[in-house]
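Here come two complexes built around subunit A, the first alongside subunit B, the second alongside subunit C.
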Partner chain A sequence: MSEDVAVMQAPVYLQYHFTAGRAPTRFLRRLKEGVLSGQRCPRCSQVYIPPRGSCPACGVATEEEVILSDKGTVQSFTIVHIPIPGNPIDPPYVVANIVPDGANISFIHLLSECDNREVRIGQRVEAVWRPREEWTWAMENILYFRPLDEPDVAVERIGTLPVTGLEG
Partner chain B sequence: MTTMDTLEKPFELGFTYTRSTGPVIGHFLGALAEHRILGVRGSDGRVLVPPPEFDPVTAAPLDEWVELATEGVVLSWCWVAQPRASHPLQEAFAWIMVQLDGADVPMIHCLRAPAMSAVRSGARVRACWVAEPVGRITDLCCFELVEGDKA
Partner chain C sequence: MAERAAVVGIGQTRYKSKRQDVSMAGLLREAVDRALADAGVSFDDIDAVIMGKAPDMFEGVVMPESYLADALGAVGKPMLRVHTAGSVGGSTAIVAASHVQSGSFRRVLAVTWEKQSESNAMWALSTPQPFAVHLNAGAGGYFAPIIREYMRRSGADPNTGIRVAVKDRRHGARNPLAHLQLPDITEQEVADSPMLWDPIRFLEACPSSDGACAMVIAAEDALSGDKPPAWIQGVAMRSEPTMYAGREEVNPQAGRDCAADVYAQAGIRDPRRELDCAEIYVPFSWYEPMWLENLGFADEGEGWKLTLSGATSLDEGGDIPWNCSGGVLSSNPIGASGMIRFAEAARQVRGDAGDHQVPGARKALGHAYGGGAQFFAMWVVGADRP
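Presenting the complex of A and B:
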């Protein structure tokens, strides 16, 4: 009599070819040089990172490039306790939405060199970059963000500050 | 100026699922590893393959196993002239709805055939098996035409 099969491997692999487009290409080339950049909407003046070449609110093309700081503010965060197969990072670790100074929207990155219990919305952070010789066209050039010894940003000001996060 | 050349790169995203088969499919797959094809009898008397875990009419659990022939008849088919990497065969082949002898419903599988002109509804086909079965539907690697069949 045959032996029943209890489990089976059923992997799904999606292969695709990614073309960055003009605006993301410009962003990625800056990133390879260790610089974060975005684009400003000519109508509403919002600065987007990563730039997609248009403003999602106004629906107009964006051209003006804006060089951004690698310092920013925590807009929201979560602490991951569950290990994910294939993920090399040991839990618990902090994943945060970070608004870089000079931009109006956040991107997701890791937050480390911190006490997880003290991570908070409005916290000031800065990028920790990989060694320059490892830089490529990827956000992984930044290992993670770490806390800055600066006053918190009030919630209603996050993503609205003009340059450094502390002015105005 | 090369700075406006857009960047591009191939990516692969993998979902490495492990699925539990359940008692019915698990039994079906285990039999496939022995080159046997099993169906189950439903409440209306029909022999169903691949075997559903529950009756399609009454939703009652099914457990009356019926061993089927490894030959059957093509009810309908679709020729794939240019197989893709994820297809079960890498040369041109046909998807077939094959009704195995002893079954009352067809199941979908692939047919290895020399040319599209060799395939027709009503053709007799037989199962082909991989050399080293592991208890998967792909142990039944494909069907092939039964030679001399002019029915």
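Presenting the complex of A and C:
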């Protein structure tokens, strides 16, 4: 039987300098003003948030900026029962894939002010923003999303609502 | 493919949560020495070494290949590292096979590994990113919403995931190399295990493992060893972006295309009937019914019924046993997990799978996926020369 080899702790730290590029820079500047924005693909007309300056499906550059709503629809979600490394949030918490009105793709964010057992695919939600003086170049300007008192969106319509939401 | 190629040697370590008795090089060498012995060859007979592992941050060792050349007998030979996230084990086998099929080399050593105990893969998958909130809770947090959508659209029996979790651990109890040895696991135990990422429970998720898997792949004129070769009858890889508007995340196009390609090469029209077994990358139990559909074993929305019927269970005498080795749910040294699927498919058609052998298996599918279910690698191996 061989002896265990020595194990030592050697922590690794990474600090990034991230060059946002033109499209994400516009997105982050809007975000600092409390506005969600995306870009429309000139070929497939799909609107992406966050915009990365190109359409991943078509592989073409995107230029047209689109202002989005801070209301959206739950595309899917998970209820997380374990802590996130480096994040102080207490489990269980709901992480939802949310499609903002006017966009065709989801991002993840917290869903709060709700009974976790009543969260569902197609549920309407809206952003709860931090106080204006705390806004910076980050999605954390939105504290979380909370349920809206609106009818659920049919599954086949999720990801297709206009910026005006259900009324559109 | 130009040249015929076959697996002539397979070597695996025992999979466990911590292999603190060996260094990373020592862990790899254990699998490699076994593969060489199985093939009846030595390092002198190897023309090139292809290695693969998951992201460096999973172990906190950057570019481990730079110090592994001598331990792997690669000095003075071509050495190449492959990286396609969780599917890397499969891609590494395919890169090795392609180097033989192309006629570039006669005998290639392929090796993959992960020593998860040396770092924290969940942390490595949960780093903050610019312009997104920091809510990445490991791979389970990413896949749970996709599983939820599968459950919704298929109307699957909610116990399907529990069934798979039990089946694969019972399979794993037949495999002395498997990390988890849970011969007496029950559905109640799985149902009672803590919810991690709803709907994924603790016992419906894969473990974190240390381990390595190696193979020797040889050209037809370089076969060796005492066991029958596992002939490579088809190889395919596909990829797609992680996110795009309208992406089919439950049943990814890249997976369907990859399966169609590998079946066409192997002359397979009906995978459920024509394959004898399959080793499929199922890190979360619900991915069995999802991949049954993606890979054409069941119609869309019907995969869970196949699982519940016992068709994929060796213990229940199913007609298309999946993951007889115990699968990723029983052992998950991430970088190696895909290759283990490919190697276990080869063991089956060599008739060398021990207590988890499917009687008379002559044709098997090995499968791996990675990233946001966006990288796919598959091969079909058979007892018959193509």
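Operating definition for what follows: the second predicted complex is superposed on the first by the 152 of 168 C-alpha atoms of A that agree within 3 Å, B and C clash if a C-alpha of one lies under 4 Å from a C-alpha of the other, contacts with A are read in each partner's own complex, and residues count from 1 in each chain.
Keep this in mind: contacts are C-beta pairs under 8 Å (C-beta built on N, C-alpha and C of every residue); 3 or more make two chains touch, one makes a residue touch a chain.
Nothing here was measured: the structure is a model prediction, and the numbers come from that model.
Novice: Going by the contact rule set out at the top, does A:T136 touch subunit B (first), subunit C (second), both, or neither?
Specialist: Neither partner.
Novice: Check the residue A:G159 against both partner chains and state whether it touches subunit B (first), subunit C (second), both, or neither.
Specialist: Only subunit C is touched by A:G159; subunit B is not.
Novice: Using the superposition on chain A described above, determine whether A:D4 touches subunit B (first), subunit C (second), both, or neither.
Specialist: The answer is both, since A:D4 touches subunit B and subunit C.
Novice: Of the partners subunit B and subunit C, which touch A:I79 in the superposed model: first, second, both, neither?
Specialist: Only subunit C is touched by A:I79; subunit B is not.
Novice: Output check: A:I105 vs subunit B and subunit C. Expected answer is one of first, second, both, neither. What do you get?
Specialist: second
Novice: Of subunit B and subunit C, which one touches more of subunit A's residues?
Specialist: After superposition, C is the partner touching more of subunit A.
Novice: For A:L14, is the partner it touches subunit B (first), subunit C (second), both, or none of the two (neither)?
Specialist: Touch partners of A:L14: subunit B and subunit C.
Novice: Pick one for A:L28: touches subunit B only (first), subunit C only (second), both, or neither.
Specialist: both
Novice: Mind sorting out which residues of subunit A both subunit B and subunit C touch, each in its own complex?
Specialist: 2-5, 7, 10, 12, 14, 16, 18, 20, 24, 28, 85-86
Novice: Within their complex, state which residues of subunit A touch subunit C.
Specialist: 2-5, 7, 10, 12, 14, 16, 18, 20, 24, 27-28, 31, 41, 44, 46-48, 50, 55-57, 75-82, 84-87, 92, 95-97, 104-105, 107-110, 121, 138-140, 142, 155, 159
Novice: Mind pulling up the subunit A residues that touch subunit B in the complex?
Specialist: Those in contact with subunit B are residues 2-22, 24-26, 28-29, 85-86, 137.
Novice: Report the residues of subunit C in contact with subunit A in the complex, numbered from low to high.
Specialist: 20-23, 26, 57, 60, 118, 120, 122-123, 126-128, 130-137, 140-141, 144-146, 148-149, 152-153, 194-200, 241-247
Novice: Enumerate the contact residues on subunit B facing subunit A in the complex.
Specialist: 3-21, 23, 25-27, 29-31, 33-34, 36, 135-136
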